[in-house]
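In the two complexes below, subunit A is the common chain; its partner is subunit B in one and subunit C in the other.
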Partner chain A sequence: MMADQTIQKINRLLFYAILIFIVTVFFFPFMWVAFTAFQDAVNAGAVPPDLLAPPTLDNFRQVFEEGGFISCMINSTIVVALTLTANLIVSLPAAYVIARNRQNWMMFLILFMQMAPWITLLLPWYIIFKKLGLYDTYIGLVLSNLTFMIPFTIWLMLGFFEDVPVEVEEAAWLDGCSHLGTFVRIVVPLVKGGIITITTLGFMFCWNIFLFPLVLSGYGTKTLPVFVYGFMDDNQLDFGPLAAASLLTMLPVIIFVLINQKYFRQGIAFGGGK
Partner chain B sequence: MLSQRILDYTDRQIRWLFSAPALLVMLGLFAYPMFRLIWTGFTDEVLSSEGKIEFIGVANYVRAFSEDPHFLRSIWLTLYFAVGSTLGQLTLGLGLALFLNRQFKGEATFRMLLMFPIIATPVAMSLVWSMLMNPMMGHLNYYLSLLGLPGSLWAADTSTVLPSLIMIELWHWVPMTMLVLLAGLKSLPKEPFEAATVDGASRFQMFVNITLPLLQPYVFLLLLLRLVHGLKVFDKIFVISGGGPNRASETLNIMIYEQAFGATNFGYASALGSFLLLIILLISIGLFRFRQRKWSY
Partner chain C sequence: MSQVKIDKVCKKFGDFEAVKNFSLEIQDGEFIVLVGPSGCGKTTLLRMVAGLETVTSGEIFIDEAQITHMPPKKRDIAMVFQNYALYPHMNVYKNLAFALKLRKMPKPEIKETVKKTADLLGIGDFLNRFPNQLSGGQKQRVALGRAIVRQPKVFLFDEPLSNLDAKLRGSMRAEILDIHQRLNNTSIYVTHDQLEAMTMGTRIIIMKDGAIQQNGTPQEIYNNPVNKFVAGFIGSPAMNVMSCTIKEETGNLMAVNKGMNLTIPAEKTTGLTSYIDQDVYLGLRPEHISDLAGNATKADNSTFKAFVRLVEPLGSEQLIHLEAEDQRFIARIDPRSHITYGETLDFQAQMASATFFDGKTEERIV
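Up next is the complex of A and B:
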């Protein structure tokens, strides 16, 4: 009896020890960046670091003084907001129609569009965007983001729309609602969960995307990830400012997703990630 | 009455009306560019050239397969990275999912912390990792020295650069495969396990004979999805090693980028891109067939 309890206790202890180890492995880079961002030039690159060194805000000052940081953050925000809005307007009706008339070839196309490597889209886009004057414009960046957002949104929303009983629509329809009215007033509110999921994941995809703006944005529309990449070249071994820039770049997306954690987890479990 | 008729008309056309915007965007930004990519692959187009673009047949493909020694090497590097990280993600993800498939205190906090790698901006985290992996000032070598192990050059050496990148890829995505597989484990029916317990089966026997077969659709689906993802990874490699040192981590994606925007060989880069696209298309067909057979949604 006693022995059983002891074994159970040791088991539990072991479980939590392994758990803490796992958390440390995955969370450690975040602790490092949060620590280093507040260290002065001497301590930021020191091994072992002085854990008790007084924190400083100099690194953040340097990031803001670098020029462009704030405008890049504004650019990122504008592109994300425009993409997410346009995405809902364009994708929701399409997902609804496809959910009601699902066909195999459509499903394959939607899947393939999510699979296609971004670099293969980027090559022709570069030429086309330059020709059409979309290079270095918000619209260009929004369009490039829509290309992966639309198939993903349709894919995810299909299940939500299929759960809406057709009877609900017919009832609204008999009451004299048009299809568009039924869709906007009756169906869309019923798939609110899907919309929040899409917005959460979409915020993450669009905030984090690097390859498209790397090539398609110029001085006028540079987004944060591209800024960080350039900042890295300018400050090769200056760990403090680099850590501060990284931290500032990822903070908004982490906060936004954590607020919508539940929906984020649903989306990840569904889509298997991008 | 006219408005009623217009409404009736739109109701009939609603399918097209509703899907038209998405269809137009995808035609313009996906279908046409894909066509243009394949076509450009058969030309000698050079970036920013005003000269005439000439149709040169399969010359770009001949060049890739017989004249450019780095092409075959980059295919190998791409497969190495994609297969290595896919297998790693699945084994570690499955291991962690099995380990965590129980209820414990602090589960919510644990899950929240594990979500961070998935959410954080990859470029920023790549920058963080490249600092951690710095051979002189980085923390990783310091921890190795604490354990009495020799330091590594990580991404700065031709022999360790790809394993280092795979390690970062695992750090990034193992939480995701774990969450998916954990959801899979939790959705498995309870009866087979109860029956096996009654019959006195060991935990290992239950794992091999019940858990794995039941989990197989999840594992296989993840396998294909992660493989396709691995074949497309760009950000990490570009930021951390830039394809180097000495092109030792220049996978197909990086090579295409460099050929197009570095060497300005747009025709050649497009041919390489078409090749990559073909591979992805074949895997997508496999994935789709599988999904139809075993996946109900």
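Up next is the complex of A and C:
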């Protein structure tokens, strides 16, 4: 009896030890950035770090004094908001139609388009966007984000739409609802979990995407990741301001995910895995 | 309330014809039951009336108005689905009020109508609950309520009791009938359960392979099935159908097979004279086979010997599974008769109540 209890205690101890190790590994980069953001120019990036050094807000002051942070944050917000809105408007009806008509070949075609490495798209896009006058515009950045977001959303939402019983829609038609009305009033509320999941994932993706804005945005539409990149150049790394800017960039994502985490977890469990 | 007319309606899925040239007129306030085996086209027909399935050819009318190609929302038809099809994200009140809201009914009126319907169905206490917080029977009541609340021209029921357990099915059957009698609404009810059809329908339509086999009152269909299929489908247990040959012996017609040699009464011989020496099917309802209560001296030309394979005591009656020379059938016997497994006894066929079907076409002869 005593031996059993001891084994149980050891097991629990091992479980928590492994858990703490894994969490530490995953959180280390974040903790390092957070720590560095509050260090002065001497201690920031020092190896080993001086854990007892007094914290400072200088790096944050420098980020704001550098100029452009606020405008880049506004740009990121506009691009993300437009992308997520346009994505839902296009992808939800598309996923619904594919789910209801069981067009598997179409799904394959949509995913097939995603198999090309993004880097190969950059040059043709740059040329096309320049010619169409979309370079350094919000629409250009939104379109580039949508090329990934739409197929991904359709793929994820397919499982959610397939789970909505057709009879529920038919009942709404007989109750006097139009097809569009049924989609908006009945179907969309029933896939709310999926919509929150895709919006959360989309927010993380679009907020952090670096490659497309680096090439397709100019001074007018520069987003936060490109701004953060500005603290690195060929000669030196400004660890402190870089960490402070990174931390500030991360904050909206963390808040957004925390707010939606309940639905987000459900969505991951019940959605695209189908 | 309304009349429904289905005129020469066909439905094809590719090369497969699910409903064939179907015509039916339903009078105001009738409770019509479409019954048939799975895949016979009854649900497809119902869905065409609802507008959920397109019509390949033919026409459907409600009160003289052609609705064949009208969208479901304009037909003013309510449907109760097999799996209830309640709106999962709305509570019971909102489920009932949804259609009324779409019709832009004023809020106080919606409240009153929903309350009245909920009281009628005994779901007044559940108005704030969501569908996933209700039992099967409660869900079905809400589904019924959703149909009733907007007083449609026609009610459609698509196997609404299939998901309920036997006891609840019985009580819901009575409840649906009670509501029908109170509201006197025109209803079309689809089921594969012949018991539901017999107990609920003012008229029953038996379907097979997309076509009507017989259209009549439950009693008409039970007593005078038009063919072997209907005879075997309606009744629980179904009619016993045995192959036999018609023979003429000493001026009498006899139904003869390996285990039986039964005299056909004079009133039944009219249509059978042309079938002498031909194979026919003899149909006998289980209640038309009786035991001789141990009195073997009663044996005559309407009796036969059979081996008792199984005894099913049901309280008010007992079902005896019999076997006579490879032919198996069921008799419904008085529960006081002491019949046990393994006996070989004499049984009497009430040939005056027998039905004969053509050996080839399987249509009723007499």
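By definition in this document, the second predicted complex is superposed on the first by the 239 of 274 C-alpha atoms of A that agree within 3 Å, B and C clash if a C-alpha of one lies under 4 Å from a C-alpha of the other, contacts with A are read in each partner's own complex, and residues count from 1 in each chain.
FYI, a residue touches a chain if its C-beta (ideal position, glycine included) is under 8 Å from a C-beta of that chain, and two chains touch if they have at least 3 such contacts.
Source: prediction; values computed, not measured.
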Clash or fit: what happens to subunit B and subunit C when subunit A is overlaid? fit
With the two complexes superposed on chain A, say which partner A:Glu167 touches: subunit B (first), subunit C (second), both, or neither. second
With both complexes superposed on chain A, which partner does A:Tyr135 reach: first (subunit B), second (subunit C), both or neither? neither
In this superposition, which partner touches a larger number of subunit A residues, subunit B or subunit C? B
Vertex subunit A, Cα centroids of subunit B and subunit C as endpoints: angle rounded to a multiple of 10 degrees is 90
If you stack the two complexes on chain A, which partner ends up touching A:Phe239: first (subunit B), second (subunit C), both, or neither? first
If you stack the two complexes on chain A, which partner ends up touching A:Phe212: first (subunit B), second (subunit C), both, or neither? neither
Tell me which partner A:Ser178 touches in the superposition: subunit B (first), subunit C (second), both or neither. both
May I ask you to decide whether A:Pro189 touches subunit B, subunit C, both, or neither, giving the answer as first, second, both or neither? second
Once both structures are superposed, the least CA distance from subunit B to subunit C in Å comes to 7
Using the superposition on A, tell me which residues of subunit A are in contact with subunit B and, in the other complex, with subunit C. 178
Subunit A contacts subunit B in the complex at 15-16, 18-19, 22-23, 25-27, 29-30, 32-33, 36, 45-48, 89-91, 93-94, 96-98, 101, 104, 107-108, 111-113, 115-121, 123-128, 143-144, 146-147, 150-151, 154, 158-159, 178-180, 183, 204, 207-208, 210-211, 215, 224-225, 228-229, 232, 237, 239, 242-243, 245-247, 249-250, 253-254, 257-258, 261, 264-265, 268-269, 272-274
Subunit C-facing residues of subunit A, complex: 165, 167-168, 170-178, 181, 186, 189-190, 192
List of subunit B residues in touch with subunit A within their complex: 7, 10-11, 14-15, 17-19, 21-23, 25-26, 29-30, 32-34, 36-37, 40, 47, 96, 99, 104, 106, 110-125, 127-132, 134, 137-139, 141-142, 171, 173-176, 179-180, 183, 221-222, 225-226, 228-229, 231-232, 234-235, 238-239, 253, 256-257, 260-261, 266, 269-270, 273-274, 276-277, 280-281, 283-285, 287-288, 291-292, 297
Residue set of subunit C touching subunit A in the complex reads 50-52, 71-73, 75, 77-79, 81-83, 85-89, 98-99, 102-103, 146, 150
